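As written, the chains take the letters A, B, C, D, E and F, and residue 1 is the first residue of each chain.
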Amino acid sequence: MITSDPQLRARMLLEALPYIRRFHGAVIVIKYGGNVLSDADRSLTELAEDVALIRSVGMRPVVVHGGGPQIDELADRLALRPAFIDGLRVTDAEMLAVVRMALLGTVNPAIVTALGSQGAPAVGLSGMDGSLAVASRVSPELGYVGAVSTVNPQVLTDLLATSAIPVVASLGVDVSGQILNVNADSFAAALAVALKATKLIFLTNVAGLLEHLDDPGSLIAEVDVAHAQRLIESGQIRGGMIPKVTAALGAALGGVERVHLIDGTVPHSLLLELLTDEGVGTMIVGGTQ
Amino acid sequence: MITSDPQLRARMLLEALPYIRRFHGAVIVIKYGGNVLSDADRSLTELAEDVALIRSVGMRPVVVHGGGPQIDELADRLALRPAFIDGLRVTDAEMLAVVRMALLGTVNPAIVTALGSQGAPAVGLSGMDGSLAVASRVSPELGYVGAVSTVNPQVLTDLLATSAIPVVASLGVDVSGQILNVNADSFAAALAVALKATKLIFLTNVAGLLEHLDDPGSLIAEVDVAHAQRLIESGQIRGGMIPKVTAALGAALGGVERVHLIDGTVPHSLLLELLTDEGVGTMIVGGTQ
Amino acid sequence: MITSDPQLRARMLLEALPYIRRFHGAVIVIKYGGNVLSDADRSLTELAEDVALIRSVGMRPVVVHGGGPQIDELADRLALRPAFIDGLRVTDAEMLAVVRMALLGTVNPAIVTALGSQGAPAVGLSGMDGSLAVASRVSPELGYVGAVSTVNPQVLTDLLATSAIPVVASLGVDVSGQILNVNADSFAAALAVALKATKLIFLTNVAGLLEHLDDPGSLIAEVDVAHAQRLIESGQIRGGMIPKVTAALGAALGGVERVHLIDGTVPHSLLLELLTDEGVGTMIVGGTQ
Amino acid sequence: MITSDPQLRARMLLEALPYIRRFHGAVIVIKYGGNVLSDADRSLTELAEDVALIRSVGMRPVVVHGGGPQIDELADRLALRPAFIDGLRVTDAEMLAVVRMALLGTVNPAIVTALGSQGAPAVGLSGMDGSLAVASRVSPELGYVGAVSTVNPQVLTDLLATSAIPVVASLGVDVSGQILNVNADSFAAALAVALKATKLIFLTNVAGLLEHLDDPGSLIAEVDVAHAQRLIESGQIRGGMIPKVTAALGAALGGVERVHLIDGTVPHSLLLELLTDEGVGTMIVGGTQ
Amino acid sequence: MITSDPQLRARMLLEALPYIRRFHGAVIVIKYGGNVLSDADRSLTELAEDVALIRSVGMRPVVVHGGGPQIDELADRLALRPAFIDGLRVTDAEMLAVVRMALLGTVNPAIVTALGSQGAPAVGLSGMDGSLAVASRVSPELGYVGAVSTVNPQVLTDLLATSAIPVVASLGVDVSGQILNVNADSFAAALAVALKATKLIFLTNVAGLLEHLDDPGSLIAEVDVAHAQRLIESGQIRGGMIPKVTAALGAALGGVERVHLIDGTVPHSLLLELLTDEGVGTMIVGGTQ
Amino acid sequence: MITSDPQLRARMLLEALPYIRRFHGAVIVIKYGGNVLSDADRSLTELAEDVALIRSVGMRPVVVHGGGPQIDELADRLALRPAFIDGLRVTDAEMLAVVRMALLGTVNPAIVTALGSQGAPAVGLSGMDGSLAVASRVSPELGYVGAVSTVNPQVLTDLLATSAIPVVASLGVDVSGQILNVNADSFAAALAVALKATKLIFLTNVAGLLEHLDDPGSLIAEVDVAHAQRLIESGQIRGGMIPKVTAALGAALGGVERVHLIDGTVPHSLLLELLTDEGVGTMIVGGTQ
């Protein structure tokens, strides 16, 4: 038993009521990072618990994932050397095979079975299924790296009409049938826009955006698009966070009401964000000033 | 904020997950007593919170009520003197008018509006609506007192297919169109059987059944039908509890899997019973030894 | 047997055919007055016969009722003294309880069971059910008297999709959950507009509108909104008829194609109005001259 | 106006209420004879009025017809000589062409357009449509004369799910695709059994069955199968009535609750039979003594 | 066996794949001429094979037919003399009866049973069924000849939602219920426009339109509306082809994407047109130059 | 163009008609072997063409695959040494990762994208998705090798209700959430039984079963279960064919009407089997002699 005070238990359940009602039937796209996954089973089990709960109270979660660490590990075993240009993985044919195997053969089934163990029927997908994510190549130097150009959400909307939870690996397919490696953050944003999601939540390994990069106390609870762009311009958002925030801004501008950056390393941060009065991390809202 | 520990909050929500899943779509008939109601607004608000929550997580509650104290109060104002035979109210034409007015004009709208204030769309009904509860007279001396002979659950199943919560006053109608006063406990049992309810929960003002009437520590957590019948025979169940337990046994024998007697004066006992690991009160299970 | 001439019988049935076809599926809101009810069983049985018949040939009637005489009678028994301002009942907390009990505990179940006795499944409702009629207070002096501000017709449209006939008492609920006493004529008009009713029929105890108040032969068969307003201004419509006609005009302006004032004391006037070539009473049609 | 007494009009409409309710959704197969048709437009218009009315109050009529007089007339114009064996028309290839043309080209469109003129959407069919009536030849001497062996009611049930009234000519098709001429009475009986019709009504040109053939006053209101068979054996049913009554008995034994023989030359006899308390003609009920 | 080379068989099936996919669910109106029918069984069986196949792969064919030769033959037997004005048949009451009998009694059931023999459930209809084709008279001299003024496609759309194939005779009905004889080409065009058909295909007995009437080698594969109109004006389209092409142009201007004139005397030309890369005949496309 | 004879083309299409009709809506489980896949793109494109065609004419194919050669290749690159016991792959944790990556990361997306390139929306799945295939371990020595104990076909039946083609990798999940490697032949048989498939087709690299192993001319066209068992006992079926035939027999005994072993290396053998009169390979039919 968690607490000896039954009244406390009851009040906590009741606190969730308005959120359950507000988000009933809402599509919630959750980007789950490979970094978060790599710190192993505990995090994955907690994610599965949270996603299973929000599904069982009537929300319609869609989990999107990449798998950088898993790709790196397999590449290493196969003696391939990763290379990056502007944070995007150079992906030749051999590396693409590694990406496919890591995402579809390792990360995706791990999430699907973790959800299954929570009693939640999950279905693993990728952008190739039902031509969900049609992509085109970004640049010759990057090889088989693509950006999503068209989302055909039918396979997802069909699944969401059942009780299943889609778990989608960030691969796309071009018009010739060639599989392409797609950045998972922008992949999640593209799906969220196409699904007219109510929320897009990035589970990251930082607390959120900071007004001043060197001041952990300057966490920003809510930010609009213009403000976020200024933070990028002024250098307060840097490095790997730039593409993530750029993807988030794209979703906000594309009509996703609320985009969240929350700390996936905090246990059950997803649940706290969705079902309690406590906001966690940073929320980006659409509109410009 | 209820507690400063977010992890505790998350774990409490997750504890409810298996119950939410198990009872998804289940019909839960809740008998709410006039005694419970009479101790006023706090109790009613808590009931409404609990019922609204279990509806919002996918259960299908049906609230059944009587209203003894309210009838007595109105009778008193109209200078009518209540009389009882074997615990059943003698109901002549004048008293029947009082019963109708108290149940339909006072208790029912109070519950309906309390649920409405929690954002839960409730619809007040009685056994006359759609000929839901066809009854026949019990005995000449009791006057317009009836026992349910046939339940036509269509009006309830139609409502349960929408998002509405039915709130049903314990009146029946005989084949000639005459309204009859029906004991609310047996009324609730008849509805639960007809609806093939998963649970029937009596909110009472005692903790549950006791193995020994004079030992509050002898609360029985679970009892089967044969055992409960022996408790009646041996006198450990007495007075007003006899018809209540008899109604409960009838429901258990009629196919309702689990019938509960719980203490409605404990705040949120309904929620604790349905969504936490803590059993409260006494559960009667079908089958004989 | 009613007539010995079978051909006459057949022709009368056939005369109804075009009306049956024209009004198939049409929502017909019928305001049934407490005055009409009070002259007892005969009138009520006839109403129930008529409503059951029009339902069985495919129309979708909604019955709305108040209950002035029944309120007065109960108030008298409880030694409360009715007071009125501009024809509206001053309603303090005690009087509101009386109103609730009279409407919900006496009038509503009487209509529901009368319909049930005709084999027509009726369901009693009020403005609190499913927050059907959200109202706000009219003035401090009137106490708990409200005017409908918003109609949430879902509970009615759900019921109308089944074979049930809704019978609605003219009570509303404000945003705080407080029940309010609403004038039944304006309540019926608000429902008719919200339901996009094809017809709104007021069953009154007069023959209809008169061009000259003192000339019974000057009954007006059809009148438009502007003409009716002139009759009010010129004093040819007076007293209790003013709020009734005002409600009727509101419905006509709100899009209800035809609003009728017919004499509910004439047996089966409802049926004659709806299913025969004989117009009865006064019809108000939308549009201004 | 038909009668100056509005109350009489209302009571006549109300008299129909229990029948409207009892037969709501019921399939009513109506065999309309060529003889009846031949006495021209008045009869056809009355049939159409009656069928349109019973459809509009919720019954599901299916009209079946033959067309003996029309066949004879066309055969005569084409200098073909009709021949009969045991009341069945000898049908060689030329005569079959005549039968097809008379039934499909004359009788069927006359009924369809008569219904259309009453605002009732009718659809002409025959046993070939959707292989509705698969038949096999009766005997070599009769040529293209068939008896229905299998009914595929899909095309009818599809139509009955819409608002259309099927009008079916009594032709069948054998397994090789050959059209066959089928006796309309037995054709109607086969459809009624396959459709699980509530009623099968033969519109004939006699008042019904007589206990004593020479005593018009001995009309039998209700007869069971065994009794009817004795009437055939004892010769009180003769000639053309024998196959008609045999078909009626087959339907009764096949599960059609009530089979009626009524006088189609009496105006609106169909309506009187279905919607008033007056039984007309003879009713055959299933079961043996 | 047709060919000894299985690979050839497989490739031919696969060639049809893109057409099957493109026309899945598409309404294809096929005008089948009486001339084509008259050259007997072979042509009719082939038509039925083709229509059954395209239905079974998911298209929704509607067959429309007239029956000039069959009308002439019956008129001749009845010693009536056909007369024509501008290619339209003068139709007095007697001739109308002949038209009805020939179309509904001979041609329509022949097509329906031919389809039935291919296992395809067909349903014979005409413009009277469900008031499908409301027409008005063209001129007093022509008698009962009509042009379609309104199409009520409900009966067709209901049938197309089932697996049935409608076969429609070119008769209309005017507002008074009078049947009218309608030119089958313009009848087919009116249906195609009302059904928003993807294709309208005229099966004729010529190869298609010729650029130069005397040069069989000048067959036009594709033509737009303006070009076709010039061909009429310049006299390269003559006689009976003028009303046919005029109907085709009307359909093209009414929104039917593609209208085809193909040679129905070439075996399986319908199939070749719809399911292979080989265009046959002339295609008229909408739009002007 | 494939052949210059259009009539031949038409006849070949028509030859397919009875098969298209017979198998409309039928579930066809197709086991596609890794051996077949490994001979590269030609075979895969042909499979995709065939599966896309049968889907587009209304069948509901489900593709099941393993991937032995692809597993071996990846294992080799990672310096793991494959080991087999009784034809089943010994699967430790490292080998399981290889199996997952090869099946889900290489074979599955190759089939999905090949189908997508034919315009057929395919969705990749495995036994973990929606707990489709619950399995249990076979023996301790084999490690993570499982046999399917329960099939939860919901995720497949949901997909089959859309236009998607499921492509299922032969992995299962045990009750603890552990992924297990399952033999693809028995996996396909288990799915076929659970889906009540009309056909189960094994695409192999041999022509079928031989009566005498050393006589290629003794190919058996059709065999019942008892006969096939005798062939195993007598040694005419050997080695890797034994588990395949055993799986086939299990499906036949489990209610799959027809199980086929056909040569997947013959181009379009699937199409020839399903849509032409030519039987290919060996058909196993249920029932014993």
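The definition used in the following text is that contacts are C-beta pairs under 8 Å (C-beta built on N, C-alpha and C of every residue); 3 or more make two chains touch, one makes a residue touch a chain.
Chain labels with UniProt names: A, B, C, D, E, F = Acetylglutamate kinase.
The shown structure was predicted, so the numbers you read here are calculated from the model rather than taken from an experiment.
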**OP:** Trace the shortest sequence of touching chains from subunit A (Acetylglutamate kinase) to subunit D (Acetylglutamate kinase) and report its length in steps.
**Re:** 3
**OP:** Give the pair among A-F, A-B or D-E whose set of contact pairs overlaps with that of C-D by over half, matching residues by number.
**Re:** A-B
Original post:
In whole angstrom, what separates the CA-based centres of subunit B (Acetylglutamate kinase) and subunit E (Acetylglutamate kinase)?
Top reply: 69
Subject >> Euclidean distance of C-alpha centroids - subunit B (Acetylglutamate kinase) vs subunit C (Acetylglutamate kinase), Å >> reply: 35
Subject >> Distance from subunit E (Acetylglutamate kinase) to subunit C (Acetylglutamate kinase) - Cα centre to Cα centre, in angstrom >> reply: 56
**OP:** Mind pulling the residue numbers of subunit C (Acetylglutamate kinase) that touch at least two other chains?
**Re:** none
Subject >> Chain contact graph, described as a line, ring, star, complete graph or other shape >> reply: ring
Subject >> subunit B (Acetylglutamate kinase) residues touching subunit A (Acetylglutamate kinase) - in the complex, by the definition given at the top >> reply: 1-3, 6-18, 20-21, 24, 49-50, 52-53, 56-58, 118-119, 267-268, 271-272, 275-278
Subject >> subunit D (Acetylglutamate kinase) to subunit E (Acetylglutamate kinase) touching residues, read off their complex >> reply: 74, 77-78, 97, 100-106, 108-109, 112-114, 116-117, 121-126, 128-131, 154-155, 158-159, 162, 164, 171, 173, 176-179
